[in-house]
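Each of the next two complexes has subunit A plus one other chain: subunit B in the first, subunit C in the second.
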Partner chain A sequence: MSMTRRAFLERLSAVGGTTLMLMGLEAFGMGIASAQTAPPPLQGGGAGKKVIILGAGVAGLTSAYELGKAGYDVTVIEARAFAGGRSQTARKGFQLTELGGETQTCNFDEGQYINHGPWRIPFHHRSTLHYIKEFGVEVELFNNDNDNSFMYFTKGSGPLANKPIRKREVAADMRGHTADIFAKLAQNGALDKQMDAADREQFLAYLSAEGYLKGDAHDYHGAEGRGWITKPGAGLVAGEEAPIYKLGDVLHSEAWKVLSSITDWDQQRTMFQPKGGMYMLPMGFVTKGGVGEKIVYSTVVEKIRQNAKGVEISVVNGEGKRSTVKGDYCICTIPLSVLKSIDTGFSAPFKAAMDGCAYAPVGKIGLQMKRRFWEEDHWIYGGHVYTDNSEIGSISLPSTNWLGKKGTLLGYYQFMGDAAKVSALSPADRAKFAVDFGQKVFPAYAESFETAFSVAWHRVQYNLGGWGMWSDEARARDYPVLLQPQGRVYLAGEHLSHIGGWQAGGIESAWMQIDALHKRASAAA
Partner chain B sequence: MSMTRRAFLERLSAVGGTTLMLMGLEAFGMGIASAQTAPPPLQGGGAGKKVIILGAGVAGLTSAYELGKAGYDVTVIEARAFAGGRSQTARKGFQLTELGGETQTCNFDEGQYINHGPWRIPFHHRSTLHYIKEFGVEVELFNNDNDNSFMYFTKGSGPLANKPIRKREVAADMRGHTADIFAKLAQNGALDKQMDAADREQFLAYLSAEGYLKGDAHDYHGAEGRGWITKPGAGLVAGEEAPIYKLGDVLHSEAWKVLSSITDWDQQRTMFQPKGGMYMLPMGFVTKGGVGEKIVYSTVVEKIRQNAKGVEISVVNGEGKRSTVKGDYCICTIPLSVLKSIDTGFSAPFKAAMDGCAYAPVGKIGLQMKRRFWEEDHWIYGGHVYTDNSEIGSISLPSTNWLGKKGTLLGYYQFMGDAAKVSALSPADRAKFAVDFGQKVFPAYAESFETAFSVAWHRVQYNLGGWGMWSDEARARDYPVLLQPQGRVYLAGEHLSHIGGWQAGGIESAWMQIDALHKRASAAA
Partner chain C sequence: MMKFGFAFLAVATLAAPAFAAPDGKALFAANCAACHQGAGQGIPGAFPALARNKFVVGDPKLVAATVLNGRGGMPAFRDSLKDDQLAATVSFVRMSWGNKAPAIPPAIFAAVRTGKMKTERPMPVH
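Moving on, here comes the complex of A and B:
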């Protein structure tokens, strides 16, 4: 998820008419925090039982690692030649061929990368951090809220529309002017009914602190944190604060839409990313966790069959050779968008429930820049440039290789109808589209651009979408059905959690299902 | 500076009666941002001229590095056995003996450290970042604003006083309730004079976004980012938001004092620290910058003399041997608190101007904890625990070695009268004082504590204070005098800038003075 759910919804309203709007604004049943902090204790061991795991994304890797530790004989079937599922990192040589598209080979310099799948780990995703710690994956802070970054709003009016303005300016002025007006209302008796005199005095002190109000009149004249025309340094000049914007100008710019009392739960300020790219997390499972030797790569599931004694998975490998894999149980982490086209033999009600989950079109593009102009020219270190141009969504600046020579930024991150539209462009045209917009925000954007790598997850084979989405109705009707095993097959993945679109959802879904599987296997033994 | 200047002043008001209050609340002439982004070009070269630099802190190191590059013959006289001035990092074996105090030998584990001097670099300190980049010092983000951290306010009343509460809860509830009240006033016509109908509608939309107000009534009922009782995960439970606090309870707690529309300029969210400790910055000058070979260590300045042809510095080395060092010019970065006791031969007006700068008592303590309970138990990764107990000031959690086993936190950071008071304790009693308070905030504090290292900068020889402070009167009257050379001696350091208490002040002051020195030397040549 690139932005708060609220911002996402606001953006949809702003755009209007996308398919998603038809589902209703409260249609996202995506949960937003992570409940589990540790894997379930699988007591008693699984010796003698074989579990076939479909998919080597984080849900499959988690299942294989934990069941393997408990003594189960596990085999992971993975369609791709590498593990990680969507937890990918595009680096030099990384290849992607979208359905119906040309093959992109990532041409970034050594050390440059883009996490075109999941890219950040909020502090409360205990499950993801559990494995980060377990495998000693080195993490660094991801700057998710940079007051010095720009915002670029295009649908408003007035002098602050269609130009880059700093988030700190908008925050200081919107809240400062508001506190100023409110303080005057309070002084004129508007709160006399709500509060006693002592509370009103404290409340005025709060408004003064919040809005940097000055004097007995409680006037807003700006705040040093808002910014400077002449910055203090050595010498005689003490510095000069930049003049404030008028309330009406900020209001009409619509840039206040990114402000909130507090960031949304899934958009906390304190986030992490693995050093070197998100693929370091699956690599932890594969190497340190020893799961690698249990993965059969480049092998696609064609058919799932089962009876009272076990499951049988028909697969085809990269050379077109067909075979079957047999086991006692199966954990299937294949996205529902893909699974629904596989011959599963599942019951009609179960298949109907699978149809209740829609998959989000999602697009991202990484742009390698020969110079970190956002740092050098604009003093912006990480964070996001938010815009109401929903085909761009946001430009995100890298939180790694600080002060380095080159940098790779995220040029767009769009969803739903916007992602569908942009994904129709060729990779070269997507890059041109992204660079043309970025040039409006940063004067050195186009001249610094070197090479791009883009993804449209809804066009990626074996994914067919960024993540699963549940309407409120489907969440109530279909989601509980899919949490139950279909015979000996257990579904797992971010789509089967309230943390949709995040790795923590996949991990915690796996934890729940291996716990259920283990209890059943132990009882049967 | 540990906190915003405002918070600092508020704290002083809260405490009352400190020496500083006598100077008046607006007495701090400390500037807060950094004007220069690159060193001055010293064109023409300084061949044949010798400059003696007193002090190997960042101002002295900067002077030596830049003048050396321009061809000057430079010698740096340093009283200590190591370079860096206050830019120190206490690691295993680091020793400190305060005046009149026992010798502390830092007993932290390998890899553990505390920056007991400067510890963070705001994104706008271009001068500091210039040398970070020049010497390839690896930096990482410093988490300066963690919404998930606790606040612990003791002077308020009601159910939220004297207990740890999360910043996100206070921010959401204070701003949410405020937006709720204001929205209702606006709906009842309170803004009819100030705004037209269209603006009022946009303003209500802003209040709704700011306060997460719900429905046509614009009621505040909480926000998901505020926190959860039951967090969403896998399974059927979608999660349950934590109940909100009453406005009166938050108001009476006084914890709202840490909220502001925007962080102060010197307390920006986006900050850096060198990996491994702040001493990596002076080490960059010493090793990569080649300044090390120009430093004469363990050598104390006793007397400064000059005539029309040059300067002569009388020094005594560690073995008590006296000698003189001669040069054409001198850059003196010795803190004024120390310099005023040296026989400088400066003019009476110049000496009087030196007396205009007061030095801040400042105390810090590092506490090594055998377990990162703030991360493991409370999910707090970096940031500060603010308190209105001014003898503690803040507890700060380390922004390094994420998810590691042990960690070293800052147990207090106090100023002025509070620092003077705590500094009278023995190192062991300071640690006990800090641990006793921390135990109120974190249940595992005392049982996790292993070893401490504390500093009281006003008791440190060769510093005698944390940083220079200027009253408005002294800034106008005395500061300009000290910017002028005293004969062939130029003063430099953070005290001679508007960025007092920050490394950037020292660097930019040095830039200004070497530029002046070079212009004069070039004209004379």
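Moving on, here comes the complex of A and C:
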């Protein structure tokens, strides 16, 4: 990520210590890493001020919990009948009616679930993990990378296209063949411009280790880690390594496209998930954190008005009854995709800045399988099946109920135009589409399928998209505008962070804004 | 963000006979109707109606740019649909549900496509 321009712009729009601190951390190369590890200390208390918080997703819950703890009088207005925002988990009885769609009622068995919103927490999202720890939410490891999983690439050619191949085979062969070639070049003096004799010796040693090269010729013949025809066993069973693929076959399969020496920072292996589903995190705020009693559910914001003394929010509840809620300040976590259709009374430039944020169409489907064939037949425990079929994106095997009887896997995870397209299908046809593809990878897929639950986030009321996206231009032009309060209203959410689409972005955005709000309220008191 | 994001966003597999013009109505149903709804009526507060929409029947270049590059919650279709498919889809919309505007030929999409696209970061995956 390029820091300079962004850092400069944010310096211009700095709202206080938190922003400066974030910038400081970014200057030290923290980049998109979740930069803050603890909530801001709101010293001096709330002094009887009332804050109205719009939205009970993680940004709203964070705001309510921290401001409440500091002595502010907080009320959270939530459109849905439950808290969590996008941090939802579909389990037995969970209902979703997409705009223009039929009602789905999740029919999974007890204990089965799919996190159709956020589903994994990178180890460096310290803010999310802060609340996991604070509320004692039980977590388990989420396997974000599995060398034993399959890849299924459809757009390449040759013997390895259009068939499931193990990631470890592709990784070993690409690295082995590549190292083999470089070793030959180095030995033949073709790299003498790049290195001296001492360098070359170290380089060859590195290539041998990285690419499993053998002997003085530094040849690649395979690696035991890439797999076996016969696995080592008792007695005389020494094991027989599987033969390697030809370099050309691997290249033309195109499966190498998912290889990289190190994954992106937010996709590294060590991740967590709450036991039982991601909704356990918002439930931590609601129950252990005591925020639940401050939430007014099934209440939709219709209008925001403010003057020099305070804010007034017009709402309508589930019975169609209208009322107004008054406060000194407001934290608004409503996604911009939704907020732009609400009568906010915001200034024209502020509204124009809101239009700069695009929202991602995103689709996911959970498929309950009566048997964990990926574990039983293929020894794949968690991780993802990568494919270049962009309407599927990936299949992900569950990191929960290991070795259990049934399991619920993620059958697709697609974006943008692909998500728009798949979302045009009925829930039943989406399931059929997902199962038909999965059958190509796993022979037992279709016969094991029991029931599905799907979401198209762009069609979900109160969200209208999976997450906010900023073009470089809009990030420079519009984003800084929205970090500033609009009068007494502060916007917060993943869309106002550089950790967009992650819960950490929502939490840290809330931390930033409550810090700014608190400093202002303290100065005014 | 190579992992399983946009690096291999590819052409949608639409079964079209080799020499037939793309079916704008079918393309609309597959790619647009999930949000804009089957009769282009949209959903108030969420998805704009395309029926009797002044922008839709207006400047062909602006319409083409919007479909190619996306806008707000609408994805860019430059990678998933070809120019003749885009032309058929948009022309269908411009002549349906009370809209009465001339078709937009594929050449307009080709011309707008070569223009500088507003830079969007590669799709992050969460």
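The rule is simple: the second predicted complex is superposed on the first by the 493 of 525 C-alpha atoms of A that agree within 3 Å, B and C clash if a C-alpha of one lies under 4 Å from a C-alpha of the other, contacts with A are read in each partner's own complex, and residues count from 1 in each chain.
Throughout what follows, a residue touches a chain if its C-beta (ideal position, glycine included) is under 8 Å from a C-beta of that chain, and two chains touch if they have at least 3 such contacts.
All figures in this text were calculated on a predicted structure; none of them were measured in a lab.
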item: Touched partner set for A:Lys257, first subunit B, second subunit C, both or neither; value: both
item: Subunit B versus subunit C as contact partner of A:Asn143, first or second or both or neither; value: first
item: Subunit B versus subunit C as contact partner of A:Gly289, first or second or both or neither; value: neither
item: Which of subunit B and subunit C A:Ser341 touches, first, second, both or neither; value: second
item: Partner chain(s) touched by A:Pro39 [first = subunit B, second = subunit C, both, neither]; value: neither
item: Subunit B versus subunit C as contact partner of A:Ser399, first or second or both or neither; value: first
item: When both partners are placed on the shared chain, which of subunit B and subunit C touches more of subunit A; value: B
item: Partner chain(s) touched by A:Asp472 [first = subunit B, second = subunit C, both, neither]; value: second
item: First, second, both or neither for A:Gly487, with subunit B first and subunit C second; value: neither
item: First, second, both or neither for A:Ala456, with subunit B first and subunit C second; value: second
item: Subunit B and subunit C footprints on subunit A, overlapping residues; value: 254, 257, 260, 263-264, 267
item: Residue numbers on subunit C that touch subunit A, as the complex places them; value: 1-10, 12, 29-35, 37, 43, 45-47, 70-77, 79-81, 118-121, 123-126
item: Subunit A residues touching subunit C - in the complex, by the definition given at the top; value: 99-100, 118, 120, 155, 254, 257-258, 260, 263-264, 266-267, 337-338, 341, 355, 358-361, 384, 386, 388, 390-391, 393-394, 413, 415-421, 423-424, 456, 458-459, 461, 464-467, 469-473, 500-502
item: Sites on subunit B touched by subunit A in the complex; value: 6, 10, 29, 31-36, 123-124, 126-127, 129, 132-133, 139-141, 143, 145-148, 168, 171-172, 174-176, 178-179, 181-182, 185, 190-191, 194-195, 199, 202-203, 206-207, 209-212, 223-228, 230-239, 248, 251-252, 254, 256-257, 259-265, 267-270, 272, 379-383, 399, 402-403, 475, 480, 483, 496-499, 504-505, 508-509, 511-512
